[in-house]
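In the part that follows, the structures are each spelled out as structure tokens.
In what follows, chain A forms one complex with chain B and a second complex with chain C.
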Partner chain A sequence: MNEQITSERRMYRGAVQNAIKTFGIPRLIIAAFLLTLFIAAPLVGADFATQLTNTINRFSWNAILVLAMVPMIHSGCGLNFGLPLGIISGLLGGTLSIEFGFTGAMSFFMAIIIATPFAIIFGAAYGWLLNKIKGGEMMIATYVGFSSVSFMCIMWLLLPYKSPNMVWGLSGNGLRTTISVEGFYDKVLANFLQINLGKLSIPLGTLLFFALIAFLMWAFLHTKTGTSMTAVGSNPAFAKAAGVNVDKVRLLSVLLSTWLGAVGILVYQQGFGFIQLYMAPFYMALPAVSAILIGGASVNKASIANVVIGTFLFQGIVTMTPTVMNSMIHMDMSEVIRIIVSNGMILYALTRKMEG
Partner chain B sequence: MTNNYNPLLEMRNIRKDFFGNQVLTDINFTLNSGEILGLVGENGAGKSTLMKILFGMDIIKETGGYDGDVLIDGKKVEFNTPFDALEAGIGMVHQEFSLIPGFTVSENILLNREPKNPNFASELFGDRLDTLDYDQMEARAEAAIDKMGFSIDRKMIITNLPVGHRQFTEIARELSKEQLKLLILDEPTAVLTEKEAETLLQSIRNMAQNGIAVIFITHRLHEVLDVCDNVLVMRDGYVVKNVPAKETNVAEVTKMMVGRQVDTAASGSARDFSNSRNAMTIKKLWVDMPGETVRNVSLVVKEGEILGIGGLAGQGKLGIPNGVMGLYDAGGEVEFYDEPIPLNNPRKCLDASIAFVSEDRRGVGLLLDESLEWNIVFPAMQVQNRFLKKYLSGWITWRDEKSITNITNHYIEKLAIKCTSSKQKSRELSGGNQQKVCLAKAFSLNPKFLFVSEPTRGIDVGAKALVLDALKKFNRENGVTIVMISSELEELRQICDRIAIVSGGKIAGILPAEEPSEAFGMLMVSQVK
Partner chain C sequence: MSFGTDERLHKSLGSKLLNLIKENSVPIMFIIICAISIPLSGFSISYLINEIITRMGRNIFLILSLLIPIMAGMGLNFGMTLGAMAGQIALIFVSDWQIWGIPGIVLAMIVSIPISILLGLLCGKILNNAKGREMITSYIISFFTNGLYQLVVLYMMGPIIPIAHSSIKLPRGYGIRNTVSLLNMRQSLDNLLAVKIGTVKIPVLTFLIIGLLCLFIIWFRKTKLGQDMRAVGQDMNVARDAGIKVERTRLISIVMSTVLASFGMIIYLQNMGNIATYSSHSQIGMFCIAALLVGGASVDKATIGNVFLGVILFHTMFIVAPSAGAAITGDSMIGEYFRVFVSYGVITIALIMYETKKRKMKSREGKLLELAQREEEKAN
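On to the complex of A and B.
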């Protein structure tokens, strides 16, 4: 009898350990930290509704950038450290849309349309490169991202933009570092169906737009091509033996990731209110990468749920720490914590990368 | 200091479960110095788990430890890491090699235990900067190799060594440890030729004479009976029997392992297909597959037959299916029912309804991290657009989960795949069941022609019989032409109609399966280079 109890207890213990393992210790710690922040917020005098609004807002801006990680993870290309390439496509789309004189919601729609061919061209070159260096994708991706940003720093100055909304005031040529999208696509999604409950306001339009894109992603992964993408990531040799053109599928995943990066930055801009050029895209990959990792994705497995949970946790911490920490210790710790969390998370995931 | 009254190793009432799933129940045995214990059992019988407990592998601790006692020289021990086990004089040679390819044999044997000379830098910065004493290393490596009783060139670099010699290098590494009292060999002969295996058995005897106890795990039963003092037979986590090797025989051990009679006799049911149509004609095929180069193979496969391809390892028999299926660079001509098949393009073969079960189960055959469902239907889905629902006049192709589950369950039942559900990950299955999944994958393509490469490698007797039986049935009931490649001649003779022997990258000859083994043996060595 006694034996049975021990065996049952062991089973229970095993199940709990298993549950923790599936949920992930880092995710647990970060969720607990965020919960503490939410509880502490009212105690230090920060308004809860405002905090929640901020968190949801930031979630809505960033979610698609995080979603852009999914296709490449599925096809085995690893984490998309080359996200800046997609972002640059989006920046070109946004600035050209303004340059061509589109305004309001139309400018947002046109920005996506114009960004698409750039995303396809850049993504194709990027995917071709990644197919040449299988096994070292993430390292190369990082440098692709960095070097493309530097290259565009030159181009933003040289490209013949003329719109007075964007160019430097004195010389009349070269784009400014920060461009307001007011009058163009500022808050076009956020103001659509916005819910206001006292101090709490929810940008339902942006969330719906994300939901739509996420749904399309989810649906894509259930199609024949989507299935082959997951299989290529899981075991390329298996996929090849099953008659799948591995390089083509990987290329497609890079195209998708790059395009999602382009759309993601446009959504970010409409929420944030500004287009940031030059060095701004440089560090945008890291928060997105670490968000999806916090969400429970690994280097070769990711789901839409990982995106949602991860973005919420990561953005929650980014929003909450300044207010709570600063009022507690009167020092700006938030940036430090954000950097520790994002880089630490990436480091953790890379050390846990499964062999082969 | 050895206590004469206590055995070297005693395992008492060992029990282990993985999350409630009992894998070992009340294992008891003892082992004395200089004794050789053969450990046999089907895959999944618990052999490796038992050895992992003995060797203190992390996985045991991570999954909640074990019950029972391990005693060494009469003292209870508990190893938390393999290092503790090494310290206590236990050495283990794993199935997979753990050697550094670019290092010499001597360097590998003494890795991290090199004799060293202190120098100026190490005086300052600690002994990590000591220089290696190569003369001493050579001497110690030589001593270890001598102990084994088989000579290998100490100065050779691992990459240049034949597979068999690498295995001996691993054993020499364990032997070079002075405190070694107990050596565990996990399927050491699986990669060896018969000649090398014989030498290995001899060196095991030598070790035992020098007072080292050996635990010998293998699927080759005659080796066990040949070399061991005692045989420990395990089944489903229990010790079925512990008998002196002299008092038993292969048939009896097999019966104890599987709990049922296994028919090992050649069936003698070879059929004559010389008047049938040509299903596949291969002309002047060359394949650049590392270690299995095909130089010039011409072969005609008749419709409806089972053609066996045998031969020694490294002679190119595995290159043939891999080349035809486009997985390795190949050239030559292949015709399938008089239609030429382009090489180097897996898709074209699949489209022509030729399927392939790879010998590299884990590398090519399976999606280890996906469900059985995915593993079984994936090629059929990609190649034949089956198990898909179509929307918007074929623009959207959606996975048809229901029909996928149905077909998977159908094969789970038909091939008796042991699993918790069709959603289980294929990584979690045992080798034999993984092989059945690979077969199901090929069957679900409804092929006209099937290449099966080493279908029974590394799986146990029971699963082997089931796999061979399934192939035979598939051939008889569906009229599928099968080409089966295997290193085990007996297995080929059991189910094939004709057997082609490959030697030196060419077909040395094709004989009906009823010919005596000697005739095939002669062909095997005819062109070896």
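On to the complex of A and C.
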């Protein structure tokens, strides 16, 4: 009898240990941290509904940028540190759509349409390059992102944009560093089907848009091409033997990631209200990378659930820490905590052994 | 002498020249960029020489710290930023203790040693868990440690770590100001034994220290440890079979690099004359690596010559680009962005060249193996 109990207990303990192992200790700490923040928020006088609204809002802005990580992780290209390339396609789409005089919801739609060919061209070149340097993707992706951002800094000044909404007022040429999208696609998704419950407001339109794209992503991963992508990621030699064109599948995944980056930044802009140019896209890959890792992804494994959980946890911490910390100890340490948490998570993932 | 051999000689000379150009394409490209932009910028030659010599004294020590991890096959050490942070923390302490001039610099170097060893151990331990991805990992480590650095300098200095003087403390009572003045220490290393030739000031002592470090590196390559590092850099498995403690060797190379980087940062900052507490270190890794690569180094091979050539070319470009850009396009911002773009572009190209070379070697090895196997089969 006693023995049975101890063996049961041992089994139970084993199961818990396993669960912790698969979930990962850092993730556990982060989730616990966020939970404490949510509990502490009302105690220190921060309004819970406002906090939740902010978190959900920021979730809706960022989710697609995080989703852009998924295809490349699936095909074994690693974490997409080259996200700025996709973001640049989105910036080109957004600014050109305004330049061509589209307004309202139409400008958002056109921005996506215009961004697509750029994403395809950039993504194809980027994918071709990554096929040349298999094994060293992440470092080169980082620097492809950096050099393209700094190259576009020159281009934003030189390209012949004329719209008075965007260029510097005095000289009349060169784009401004931040451009308001008011009157264009400001909150087009967020105001669509917005739910207001007292202080709590939920941008259902943006969430639905994300759900749609996430569903398409999920469906794609279950098609024949999608499964071959997963196969390439988990075992390239096997995939090759099974007759999959590895390079082609990888290229497709990079294209998808780049395009999602473009759409992601447009969705971000419609929520945020501004287009940020020049050096702004520079470090935008890091939050997205750490968000998906916090959600439970690894360097070569990721699911839609990882995206949702990760974005929520990451954005939760980003929005909650300043207010809670400020009212608790009158010190705004949120920035420092954000840096340590997000980069610590990336480090944790990089030092894990590759599975498969 | 027959005509044929002469032609063959000529041909081999031609291909040699072509190879030389191919292998040094980055420095040659930079020489061309500099040659075009120097006259456009309108700076006088004596001004340029003065500037470049100042920048050589300022930067070379830092860049030399990158050589040792390259030798150990760990690639470009983006984690040198950690050393820079250690140097800055040491300088903050020393300026709080009000010890100035040469004694201050020496003391700062001594104080920085334990901090940089600690950070180097942290960095090396993590990198040993991420073999094959050292560069991206060391790059993220530099961000991560920047968070820790801010935690220490912005929040813990004052209440936990005693800082006496309000001149370097933020008005709120804790944390360090955005800039810490090193006015009483400014260029004291450079000015001691300085020689003036015309309008050009040569900081002899700084160059002597750099020379000593160069000699040290040359000597170090020949020691047992240096040889071990090169063996580890060539092939980790072979080195392990030969009885070399691979992890330990790699750890030592990173610690050495971090300590040297912290000394380098102190030399750099005494020349600048102030610390930008929260930004001095953040870009330093990128600029040093870019300069080294401009000098013709690659991810797996770098010499002292690369360092010197790189500093000269990179900083010439850096000085002249804004005004040359303004002369061409009428907008000085374009030149500014251009030099940033070039810095990142050079690193990107070097990384791509390194990875393609690595893949080529791998496929060649595979082919050789296949050939050997086939021959074995034939023999059987």
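The criterion applied here is as follows: the second predicted complex is superposed on the first by the 345 of 356 C-alpha atoms of A that agree within 3 Å, B and C clash if a C-alpha of one lies under 4 Å from a C-alpha of the other, contacts with A are read in each partner's own complex, and residues count from 1 in each chain.
Basically, a residue touches a chain if its C-beta (ideal position, glycine included) is under 8 Å from a C-beta of that chain, and two chains touch if they have at least 3 such contacts.
The structure presented is a predicted model; accordingly, all values stated were derived computationally and were not measured.
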item: Chain A as common anchor, with chain B and chain C clashing or fitting; value: clash
item: Chain B versus chain C as contact partner of A:223, first or second or both or neither; value: first
item: Partner chain in contact with A:243 - chain B first, chain C second, else both or neither; value: first
item: Partner chain in contact with A:48 - chain B first, chain C second, else both or neither; value: neither
item: Which superposed partner A:301 touches (first chain B, second chain C, both, neither); value: first
item: Which superposed partner A:234 touches (first chain B, second chain C, both, neither); value: first
item: Partner chain(s) touched by A:144 [first = chain B, second = chain C, both, neither]; value: second
item: Overlapping segment of chain C (options 238-246, 274-282 or 310-318) - the one that collides with chain B in the superposed model; value: 238-246
item: Common interface positions of chain A, toward chain B and toward chain C; value: none
item: Chain B - residues contacting chain A, complex; value: 17-20, 63-64, 325, 327, 346-347, 350-351, 356, 358, 360, 363-370, 374, 378-379, 381-383, 385, 388, 396-399
item: List of chain A residues in touch with chain B within their complex; value: 7, 10-11, 13-15, 17-18, 219, 222-225, 227-228, 230-231, 234-235, 237-245, 300-301
item: Of chain A, residues touching chain C in the complex; value: 81, 129, 132-136, 138-140, 142-144, 146-147, 150-151, 153-154, 157-158, 174, 286, 331, 333, 335-337, 339-340, 343-344, 346-347, 350-351
item: Sites on chain C touched by chain A in the complex; value: 126, 129-130, 132-133, 135-137, 139-141, 143-144, 146-148, 150-151, 154-155, 329, 331, 333-334, 337-338, 340-341, 343-345, 347-348, 351-352, 354-356, 358-359
